[in-house]
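See below for the structure under consideration.
Chain naming follows the written order as A, B, C and D, and within any one chain the residues start at number 1.
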Amino acid sequence: MSPDELDRTDPAGAVAATAKRVSNWGRWGPDDVRGTMNFLDDVKRREAAALVTDGRAFSLSQRFDMDGPQRGWRRRTNPVHTMLDTGTDAAMGDQGLPHGIGGADDVVAMPLQCSTQWDGLGHIFDHGVAWNGRPSGEVVTSAGDLVTGIETVADVIAGRAVLLDVGRAFGIDGELLDGFAITQRHLEETIERQGPSSTVGRGDIVMVRTGQFARTRREGWGEYAGGPAPGLSFTTADWLHQSEIAAIATDTWGFEVRPNEFDNAFQPLHQVAIPHIGLFIGEMWDLEALSDACAADGRYDCFLTAAPLPITGAVGSPVNPIAVR
Amino acid sequence: MSPDELDRTDPAGAVAATAKRVSNWGRWGPDDVRGTMNFLDDVKRREAAALVTDGRAFSLSQRFDMDGPQRGWRRRTNPVHTMLDTGTDAAMGDQGLPHGIGGADDVVAMPLQCSTQWDGLGHIFDHGVAWNGRPSGEVVTSAGDLVTGIETVADVIAGRAVLLDVGRAFGIDGELLDGFAITQRHLEETIERQGPSSTVGRGDIVMVRTGQFARTRREGWGEYAGGPAPGLSFTTADWLHQSEIAAIATDTWGFEVRPNEFDNAFQPLHQVAIPHIGLFIGEMWDLEALSDACAADGRYDCFLTAAPLPITGAVGSPVNPIAVR
Amino acid sequence: MSPDELDRTDPAGAVAATAKRVSNWGRWGPDDVRGTMNFLDDVKRREAAALVTDGRAFSLSQRFDMDGPQRGWRRRTNPVHTMLDTGTDAAMGDQGLPHGIGGADDVVAMPLQCSTQWDGLGHIFDHGVAWNGRPSGEVVTSAGDLVTGIETVADVIAGRAVLLDVGRAFGIDGELLDGFAITQRHLEETIERQGPSSTVGRGDIVMVRTGQFARTRREGWGEYAGGPAPGLSFTTADWLHQSEIAAIATDTWGFEVRPNEFDNAFQPLHQVAIPHIGLFIGEMWDLEALSDACAADGRYDCFLTAAPLPITGAVGSPVNPIAVR
Amino acid sequence: MSPDELDRTDPAGAVAATAKRVSNWGRWGPDDVRGTMNFLDDVKRREAAALVTDGRAFSLSQRFDMDGPQRGWRRRTNPVHTMLDTGTDAAMGDQGLPHGIGGADDVVAMPLQCSTQWDGLGHIFDHGVAWNGRPSGEVVTSAGDLVTGIETVADVIAGRAVLLDVGRAFGIDGELLDGFAITQRHLEETIERQGPSSTVGRGDIVMVRTGQFARTRREGWGEYAGGPAPGLSFTTADWLHQSEIAAIATDTWGFEVRPNEFDNAFQPLHQVAIPHIGLFIGEMWDLEALSDACAADGRYDCFLTAAPLPITGAVGSPVNPIAVR
């Protein structure tokens, strides 16, 4: 399906029809809490470790500070980091500790979706239904996600990752314009151009670089928090399902193309991908340095560890993904 | 040096004398911000990846929730996780979003030292002096750690780790008693007993299991937050230095034996290890499952990724360390 | 009704029967959001101001800090206050501001029910029904209290308050024992003993001193957060209704006697008072100094201003009540 | 002194010269922690209560929510209010409580200077010196304000307040333009125009309405947080001192005219008023409804209670000031 075939006036219909085609409900039993992470097994992980060639590591996280995209929408702020004790206090001898020891301690308050992150399976619902067909009200209450909390995948997310540098393949100076909808064809052509190290299959983690992140670093996020961006077309849902990938991440705020491809819509691909496919989605990953390294030697796969903080009941998690090549 | 030779009345003297012997100041130049992480290079990381045999992954993090050891001391609380949106709201159709999409969002407020964590180099000072000889007041202000913030090691901490299961070697039912001081001899004998996969050298990350964590899981943390625990003796400072390890982590709240080995003292080994050796210290790591796996097949080394959240200027970070064997 | 007549095995039955007798639903129309605060009008407030005799002011708030009763139950912590800038930083000239100005800024993170507080009308429900008969799910979502948020009474709570010093009347050294259930008889006898300034009627704010607060100041809160305490008997519901008071506050954590007067119960008087009577309840008010002053001259009424912070959608609020005599 | 006489290139010189003229250091002894609040005594408070005529109360606080002026500057966010329990959860019977009781609880995280507030005496320093001549590093550490924390005035701030409606007197449609510097002449003429109820003297709380708050309500705060605003001229320092007022509050973010009246400056009047005069400054007070009432009957004084939350060691406090006329 191409974006041209979407009925812009009927996102609900498109979501329903697509969800029917791509649903993984029941695939891993009625009690499943890991969705597509089931594709990422020990064998995959062992093969991934063998990809390490020179041992160079890349952090794919932006820095967590006030210089992020949040502007207060839905009460999302950038992370607020404050000190409980400081070196200035220690220097003035104000700390009341023995034998000259001094210390600094700190605190952070942040939305779990404020910066580089994983969306957990409890993050999005379709008409009040969560992953695997559970009623959302029985899954995520004020006490958090009682079933699919991010802690349930605390030990899974290490394996083979493939960078699909769509920005470099189709962008201007390596960057896609805001509003650019990445289709299955773009993904497949990128894989083909990049060569054999870019093959994508079961259990892989796909990282799609649009180049927008470079733009935000250069120009600042400004009033962003959900403004226009390149991103995946709604029509990639089938590819996301058929490829049997474990997860997908982009370098943008919201993974999907913004504005979305319907007249009155909000993140319809999420509505299919998370509750129906059971797919883990990463957002705001910094793929810049990795992109340069991959382009330099033509190897686009790596060993990736992107372990969420196991905050009990969280519907997402900040993460510092580490790619080792 | 054995613990018996310590002058219990003079922690300041012991710190000063030891610091002189083990100082790494200037070793990596005056501008260094990574301390012993300099030992962990690409070659080490490549060799570490080759240790992966079966691909099984272990999360070494406890869950981040109210069931942790913090009781308010120094304003440290357990992590407080609250929801911005829930599945119950979505189920009741209260969210005002189009085409049936619903969502859950969340927030966390937590001290960075509240649970499984890294101490950064700005966490501890000796008489107002921080790592590499810098005045602490120029390093950590209310704006955070301006020099050695944890973000400076965002991309380093992936490499070879060795589990030293001192609890299994010297404990009762695998657990050391509170107050048990682990000396260099205990470490060396553990290495010897465990066999060749336990050799410790430059750039390695050492994980010392005392077994106390199993006790806290069984009995709860109770009033803990700094109470009695097994841990490293102050006298291990020389071994920590000479071994040229990149980092060390324990399964206890505070790494050192508690009570400390002086009459009126607070964490004197930190005072040497962090500002003088430039050593990264991990605390409250859950080594239980890994310990069982290592004991089962006699392999005690693994590929570890323990990437901090790059909170700009943080003097420590929560972490979900992932060991792959 | 006396506590002896309660059927300890049937709190639900007692709640239902009592609620039927004392309900104020519809009394101020279907759209009412102020409940018993409707009793506190301008005339009452003008009369109250005339009670000021010598002009002395009393703060009835405990200090907001880590030395409070919260121990993590239901994710309630004591208030965590951290600094964004400090005087030590300013003294070291670290702040980057012109012409020698320096500053200190700070942040607080706290449950709104953590210390001296008002319970708002959205704080308690009876079988999913909130004040005035509204379905609780339409009143309080993750976005907060959409109907009876505490901001709706931002400008009301200034008026006549009467201290009923039950601790002084019936306690030992001025303190009731934990578990002491204050009945209507105790309230009436206290009023009688205290004399004419203690008459309670429409629109008044009643402050009941048990003396437990003095005990917590002396001995610390310890593991408190809901442990045993003196407090109002369930059987006072009718008095609370018939007296037409605007609000009631106690010096205890939870207003009601703890343990509650049923075998398996949790705060049953709240379940009647808030959703059915529409009554505002204050908790953890420090009545000690005021008690001494009242006892000294026999005047038990005063002009009280106890304005909540108008946090939009809050179901309660910290408050610093000011009594002026 | 008129603003024309200021040397725009020398804020430091102006601060120093003015501070010398207006200093109250030592006036209330070396241990004083209350500054100008010493002017507000029981006699003043008693006289103020007698001003209450009709009993109508006005809340002078804006609502505490995400719709405030903070945009992240200096890590100041708007207040973030989240729920620990909700009515939707209660409606779905998810709360695990007995006899049908349900509840909602909530949390707030906020800078103490984020909305309607008091600046405490530890909020501003002059060249590292705090109120009464104390070194700022001994007053405000990471542990908070150890000397002049806002809790020290928990029981003081109830007394006579006078509204000086400069916006109505000198503005267009009741609003001063951004950048309008209010001088002593403007204050005096406003007093004269308003008549005898506006006399200002020892112990009074002055509330200056510029009208900018009405503008922010109408147009939103936008990117505000310190942008242009009307406010007091630096040259009012002498009047602030000689009038012996207890406190002053405005309806703007920062009390002083913005931009400030020097070429490179930041809030120079604060630098004189807080550490030298010992003056309490209120900011972002909503004076709109009160202004209308005062204009209607020509009475500009009232009984004001503006009690800070006694957060131990805080350098400021959110407040809901209540004016009763």
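Note that in this section a residue touches a chain if its C-beta (ideal position, glycine included) is under 8 Å from a C-beta of that chain, and two chains touch if they have at least 3 such contacts.
As the structure is a prediction and not an experimental result, all values here were calculated from the model.
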Going through A-D, A-B or B-D one by one, find the pair whose contacts repeat those of B-C for over half of the pairs by residue number. A-D
Any idea whether C-D or A-C has more C-beta pairs in contact? C-D
Over half of the interface residue numbers used by both chain A and chain B, so same, or under half, so different? same
Interchain centroid distance [CA atoms averaged], chain A/chain C, Å: 45
Taking the mean of the C-alpha atoms as each chain's centre, how many Å separate chain C from chain D? 27
By residue number and range, which residues of chain A touch two or more other chains? 75, 80-86, 88-89, 91-92, 94, 107, 109, 137-138, 141-142
For the chain C and chain A complex, residues of the former touching the latter: 80, 82-84, 86, 88-89, 91-92, 94, 107, 109, 142
Per the touch rule, the chain D residues reaching chain C in their complex are 11-12, 15, 41-50, 52-59, 61-65, 74-76, 79, 81-88, 90-93, 97-113, 122-128, 130, 135-142, 144-145, 151, 154-158, 262, 264-268, 270-271, 303, 305, 307-316, 318-322, 324
